[in-house]
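Read through the structures below before going on.
The same chain A turns up in both complexes below, where it pairs with chain B and then with chain C.
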Partner chain A sequence: MIEDDFYRTSSQFRLWSFTEDSLRSLRRNTNTLASDRVRDALRRAREARKSASSSAVGTPNPNASDADSKTGDEKDIECLTPEEEQDLVRYFCEQIVQLGESYKPPLPTIVRATAIQYLRRFYLTNSPMTYHPKTIMPCVLFIATKTDNYYMSLRQFANGVPGDTSAEDIIAPEFLVMQSLRFTFDVRHPFRGLEGGIMELNAISQGLGQPAPHNLQQTSDDLRRAMLSLPLPPNTSSSSISDRLARAHHNAREILKSAAQMTDAYFFYTPAQIWLSALLLADRPLAEFYLDTKLGGAGPDPTHPLTQLHAKLLTTLHNCSTLLQSYKPLASDPDQKKAMRRIGKKLYHCQNPEKVNNLAGQKRIPAAAAATAATASANDHDHATPESEMEQIAKKRKVEGDARRKDDIFGGELVMERTRERQGS
Partner chain B sequence: MPSSREAMVHRGDEDEVCPVCKSSRYLNPDMRFLINPECYHKMCESCVDRIFSSGPANCPVAGCHKTLRKNRFRKQTFEDINVEREVDIRRRVMTVLNRREEEFDSKLDWDNFLEQREEMIFNLVNKVDVAKTEANLQKYAADNMSSIRANQALEAKEVTSFQERQNQEQELARMRRQAAREEYENERKEILAGREDVLTRLASGQPADAAAIAREGQKVILKKSSARRSEEERIRQKQAALRGTDAKKPGQTTATTAEEAGSGLIKGLKKVKTPEPEKPYDPFGGMVPNKRDYYSLQDDYPSSYLDPIRQDHRMLAGGYDLQEYYSRTLLEAFAGLGCFIDEEVSKREANSFNFVKPVGTHGALAATPGSQGDK
Partner chain C sequence: MTVSPLVPPSPSAVAHRKSAGSETARTTQGNESPLQQVQPVADREITEQLNDEVRHKYIKAKKLGEGTYAVVYLGHLRTDPSSFVAIKKIKVNTEYKDGLSMDAIREVKYLQELRHPNIIALHDVFSSKDQNLNLVLEYLPRGDLEMLIKDSNVHYGVADVKAWMAMLARGVWFCHENFVLHRDIKPNNLLIASDGEVKLADFGLARSFADPYLNMTHQVITRWYRPPELLYGARQYSGAVDIWSVGMVFAELLLRVPFVAGNSDLDQITKICEAFGTPTEENWPSVSKLPNYIPTDGNHLVPLQGRDFFLRHFPTAGPVGADLLMSMCALDPRKRSTAYQALQHSWWSTEPRPTNKEDLPRKSGGTKKMGDDLTRRGGELDDQFKNAARQLDFAAMKG
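Let's turn to the complex of A and B:
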């Protein structure tokens, strides 16, 4: 099928599609790596403190002292399990939805969905222990507004983020996130696909449907008649076909907005399968009828490729819809809430101390340079004017540049060379 | 040429008698004899007109029952009727077996072919195995229709090009002759003019200068003639060069265009590689641009949400096309419906075993630039 080949070229299929096993092992791997680093970092911090042997004033992380006071043994640092990490990420995915809702006007669903997928992809190769989701989450949403063409200035965006997060804080991990996304910003969502399907079902219901290319003997009248004679889904009163379609559309869309985002559906299934599964949950007879019009033309012959595809697709859709059904919103489930609180507490203890403030180093280069220069000059002499600060930065850069130029096989910057020559002559 | 042939034909005709109507040249001086290559029986023109005007008829010579047609009658070229017949047969066989030397693998094969051809001609002329040979010949002609025709065309082309070359050479020779004639004429005129010049100068000048003037005049003439000679040399060289290029040209016309090598009659033909006919250019590489497997795009889908756009000039003026929306939504609705990730990805991982994991861990490492500090 040619449409499938189109999808196979997408980065979502090439880089961000996994089997359940490979996804699990990838998460486990990320988790082990991060836990090891956390343990190493905490041990180093402790040793540094011991060697200082003074009071615990200078410790970077107070929780380390707690752990230290209880036991000196590093085994007691309990790290998050992959499942806990996953729950945590899901919690922040829900936070993205809420944050998007808080803007006036609310951010479009597709922006939020893209942001959620970015966050999920980010935490495939990074652990919440290394980078706390609460710093990554706004950044991811901001990137999504850009990649989805929903323009919003950074200041405007920062105003909407709760807490005292500054604009700088939001974009600090931007490059890090983009790198972890492997610079693939294309997320294929099932939303538009659902619109297309409903559009076609509408056409069929009005007797304007066209036969599928592999099923040319259908006529639009046949299709319409078949559709009108569909059995109703359970626990619905009989109503007109357009109402039924509208209801199915609405329910499927709700599923796509919530369950499809909060589960691993995007990693395991293609958008077309996801929206059809959502439709299957919303109105099973209707979805099955739709699938039959597309792939049912082969007749009873079990070896026909269309029949085989149909059978395989039904099981896949069934699996996908079970996955979608398994989702329970966090807000409605007190058990999950409790678990989340526990995970949050645990994360507080096993956060990698060397990464907590390190994100500042990830800031965009000019900002970072200005910040470091400012602190350096403040240490040197307190009454430095901004001009002298700038001079100092320039001097520092020049010294560094000279040192670097010796190693650089291509020589230093051209402009610098030229000015020097001019001064020399 | 025709006149000499005429003379030859009429040489011994004085006492010739038409075998059909028994009238002789003595009675009818304008009498002309015709033959038909079917049976080569001679008869006079008036007999041919009389007997064959109303369609084909049997040969009037006693014992010969061949059916003859009027349009096949022609004048005799050779006096000896046997020669005439052989030439006819030879021509016929040669038009069919018109392979060319460059079509053969080796010289030996070419010679074998020539021998075979001669043998067939001999057989036909001397009436040995006529039926078999004829059958062979006809079969070959039927099998190799296209190559025969191609070779014929080639031959015709060669003949015309040869004729052209001949004409060209004649023209060149004529021009050369004319140039030489003009040259000679000019030279003569100049000598006369020089002589006159010297005479007038002698007449007007001092007696003491006479010798000097005479010498000078001689020198001028000499100089002119030598200049002319060098000029002539130059022209000759140019013509030689021209002839050289002419000589090269005919070589190019002999390109092999034989088509099929599988003729049972002739052995040792080169295997001919017919060049693949160039396929028409396909910009999509075999893909049909708007072909879809899951749906067929309609021009219009009823939707209360989209229909107002059709009337909305503000949207349409900007070039918004609902068709684009339809095609995109439907494509996204079905793109990847038949991609079963669990199967395809596991296959992909099996093919390149360390594809996902190293990239993942590498990504994790790359994504944590501060990791040097961790180690």
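Let's turn to the complex of A and C:
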């Protein structure tokens, strides 16, 4: 199984493949760590404010909103759960698809898919409470243009990002992201495998199929006849075999572009398992026929290695297709939208205040300025941040939040804003 | 680890394993701390912790070389001062505002994926405080093939060439099998390990095979090793571009001078035509449709060269060796042999047998040459000039 050997050397297998349990515990770990830090940071901010106001006893407080925010902070803050974090990340994965679509010409599917996997990998070890996905999302998409050979300048890329996001904002978390990706940039996608499988099926339909090594007496004609006599998938009318293949191809590809990206499929399954599962969902008889040409049908001898392999593979594909089927796009689901708004509000209150400005320290900076930045970020770590600065951050967030929350959960859905801009011009 | 169709003779494989244990750092597995096993420490992000762990594994010793793009240090494992590594620190380019440069991204992306005895190993990647990227690479102290080709005091024969070429072909085969084009194969990107193993290095111009109909740039591969389809501006190409380069390295190893050394792109294509024949619609269907194709007038047509030409120019290779070289130098990329086909060629099993890698000719000064090679930016064309520039760097360097 030489191809399996290749896959096992890939960084996707070595670093980014999990069992359900290991993935769950990793996410829980990340969430616990971030929640503890948020609580600590907010407590520190509160204490800082207390000592600031006690030192200013007798001075009337001219800013009433400060008092408001103080009472808000006194309650123990409610942090996001791992599940809420996952929902939030999925929402921003969907935003990647839309942002990519809004470029002229749209960014290639593969670039968007790579960016989505980067975002998902990033949030295995980072929490949205620490780094808001809205700042990370454009950055992963830009990195994906570089790693997937779709060259565009940062300036050009930034022009496509709606709102007042500057080129500097986009590139600021680059190093943080790359470090979280553990400097592995290669993502093994299921798209090319699907194309290959469809080409093979097309060849069979034209009488050009090659018999499998275990079944050498089979002719190209036998293969073609077997394909033509396949039962139709449910809810389809009969059509020519080329139409059927085209439809299966299209539907499977749509699944790979959406459900395969938005679920944990890449963390649990290999690219081949993913595209075969998508093909099973698109046209089950056709996908099973394809597997039979490779492995032989369920033979009479249950102890035969090929029969056992066949059974094992079908179980895996069944599990994977169940996962793919579980995906519902946010746009078509009002309940999810409502839930997302709730999570957005919750996140607003549990963002780690000490990390809000920290991205500045992540900016790629000329070597001369590096020392200054190093000092600055060192300050961030020893919590000696002056009280006034903490307060300023809190205020800034409140003001910004008030201005934005009116119409949106995350300060403007990027693509919605963009659409409005376009309609306006 | 997957092995190529042409499996190395087993005695040397065993020796390789031994020497790898004693002379180079075996740290690959160290890169793989599973994420879920990391125990959180107060106020360090999980990935920062992982990065610190990796960084603390190594000690940077002395500087080996410095270029515009990178600085290379000799380093070793903290726990074992005798296990050397090369640490390539990629400079933060203040001119480049678009974040990490493409060269660095490509190099890291592909070396993270390719593990093969004939490809330079990337043991680890870590970032230092000032956000510089550090690649911990396999230590290759015996310089490169260019050094051996150019030094007239080094004597080698066809058995040695066969050993080097077999290692090169296996490395290239592995890249192509993983859908990666190297796009800068030349003698000074072929580094030599302490046990004599040849390693393909510098993946700064590498990329994955494009999907059908997608364009790629034709501005790759150092000129003397660049195939005619790229000189003609082809935007869709295959592993055949690397095979042409392999053929040019083969020819250069035999002649000890570059075989087709043009001083401009135009001169390069002229020299290729003079040497191998003029590309025509007959010997290379639809060549005239390539964007930068230059028609040759009928009087200057050089007929396509056959077997006797290769045998005449490369007598040391013998008839079978000349046949292999010819298959790598087909003008039409569709007729050029693939890496897999090259490895199936009968030359490898024809007498003389390839020299055992431990017994291959060697030369001192390799460490410095490695420093040189690893700091160079991919695809640099004017080798003479760059060499001069690099000598200046070294003159300024102490120790």
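Basically, the second predicted complex is superposed on the first by the 340 of 425 C-alpha atoms of A that agree within 3 Å, B and C clash if a C-alpha of one lies under 4 Å from a C-alpha of the other, contacts with A are read in each partner's own complex, and residues count from 1 in each chain.
Note that a contact is a pair of C-beta atoms (placed from the backbone, for glycine too) under 8 Å apart; a residue touches a chain by one contact, two chains touch by 3 or more.
Given the structure is predicted, the values throughout are model-derived calculations rather than measurements.
Peer 1: Touching A:180 in the superposition: chain B (first), chain C (second), both, neither?
Peer 2: both
Peer 1: More residues of chain A are touched by which partner: chain B or chain C?
Peer 2: Here the partner covering more residues of chain A is B.
Peer 1: Answer with first, second, both or neither: which of chain B and chain C does A:153 touch in the superposed model?
Peer 2: Second partner only.
Peer 1: Look at A:197 in the shared chain and tell me whether it touches chain B only, chain C only, both, or neither; answer first, second, both or neither.
Peer 2: first
Peer 1: Look at A:4 in the shared chain and tell me whether it touches chain B only, chain C only, both, or neither; answer first, second, both or neither.
Peer 2: first
Peer 1: On the A-aligned overlay, A:22 touches which partner chain: chain B = first, chain C = second, or both, or neither?
Peer 2: A:22: touches chain B and chain C.
Peer 1: Does the superposition put A:271 against chain B (first), chain C (second), both, or neither?
Peer 2: first
Peer 1: Is A:331 contacted by the first partner chain B, the second partner chain C, both or neither?
Peer 2: Once the two structures are laid over each other on A, A:331 reaches no partner at all.
Peer 1: Looking at A:142 after the superposition, I want to know if it touches chain B, chain C, both of them or none. Which is it: first, second, both, neither?
Peer 2: second
Peer 1: Which of the two partners, first being chain B and second being chain C, lies in contact with A:171: first, second, both, or neither?
Peer 2: The second partner, chain C, only.
Peer 1: Could you give the residue numbers on chain A that contact chain B in one complex and chain C in the other?
Peer 2: Touching chain B and chain C on chain A: residues 2, 6, 10, 15, 18, 22, 25-26, 29-30, 33, 37, 124-126, 130, 179-180, 182, 192, 195, 362.
Peer 1: Touching residues of chain B toward chain A in the complex: what are they?
Peer 2: 287, 291-296, 298, 300-303, 326, 328-342, 344-346, 349, 356-357, 359-361, 363-364, 366-371, 373-375
Peer 1: Would you pull the chain A residues touching chain C in the complex into a rising list?
Peer 2: 2, 5-6, 9-11, 14-15, 18, 22, 25-26, 29-30, 33, 37, 124-126, 130, 142-143, 146-147, 149, 151, 153-154, 167, 171, 174-175, 178-180, 182-186, 192, 195, 362, 364-367, 370-371, 374, 381
Peer 1: Which of the residues in chain C end up touching chain A in this complex?
Peer 2: Touching chain A from chain C are residues 1-2, 32, 34-36, 38, 40, 43, 45-48, 50-51, 92, 94, 97-100, 102, 105, 108-110, 112-115, 125, 127, 129-131, 133, 177-178, 207-208, 210-211, 216.
Peer 1: Which part of chain A faces chain B closely enough to touch in the complex?
Peer 2: Touching chain B from chain A are residues 1-4, 6-8, 10, 13, 15, 17-22, 25-26, 29-30, 33-34, 37, 40-41, 124-126, 130, 176, 179-180, 182, 188, 192-197, 199-200, 202-203, 206, 208, 210-214, 267-273, 275-276, 294, 309, 312-313, 316, 352, 354-355, 358, 361-362.
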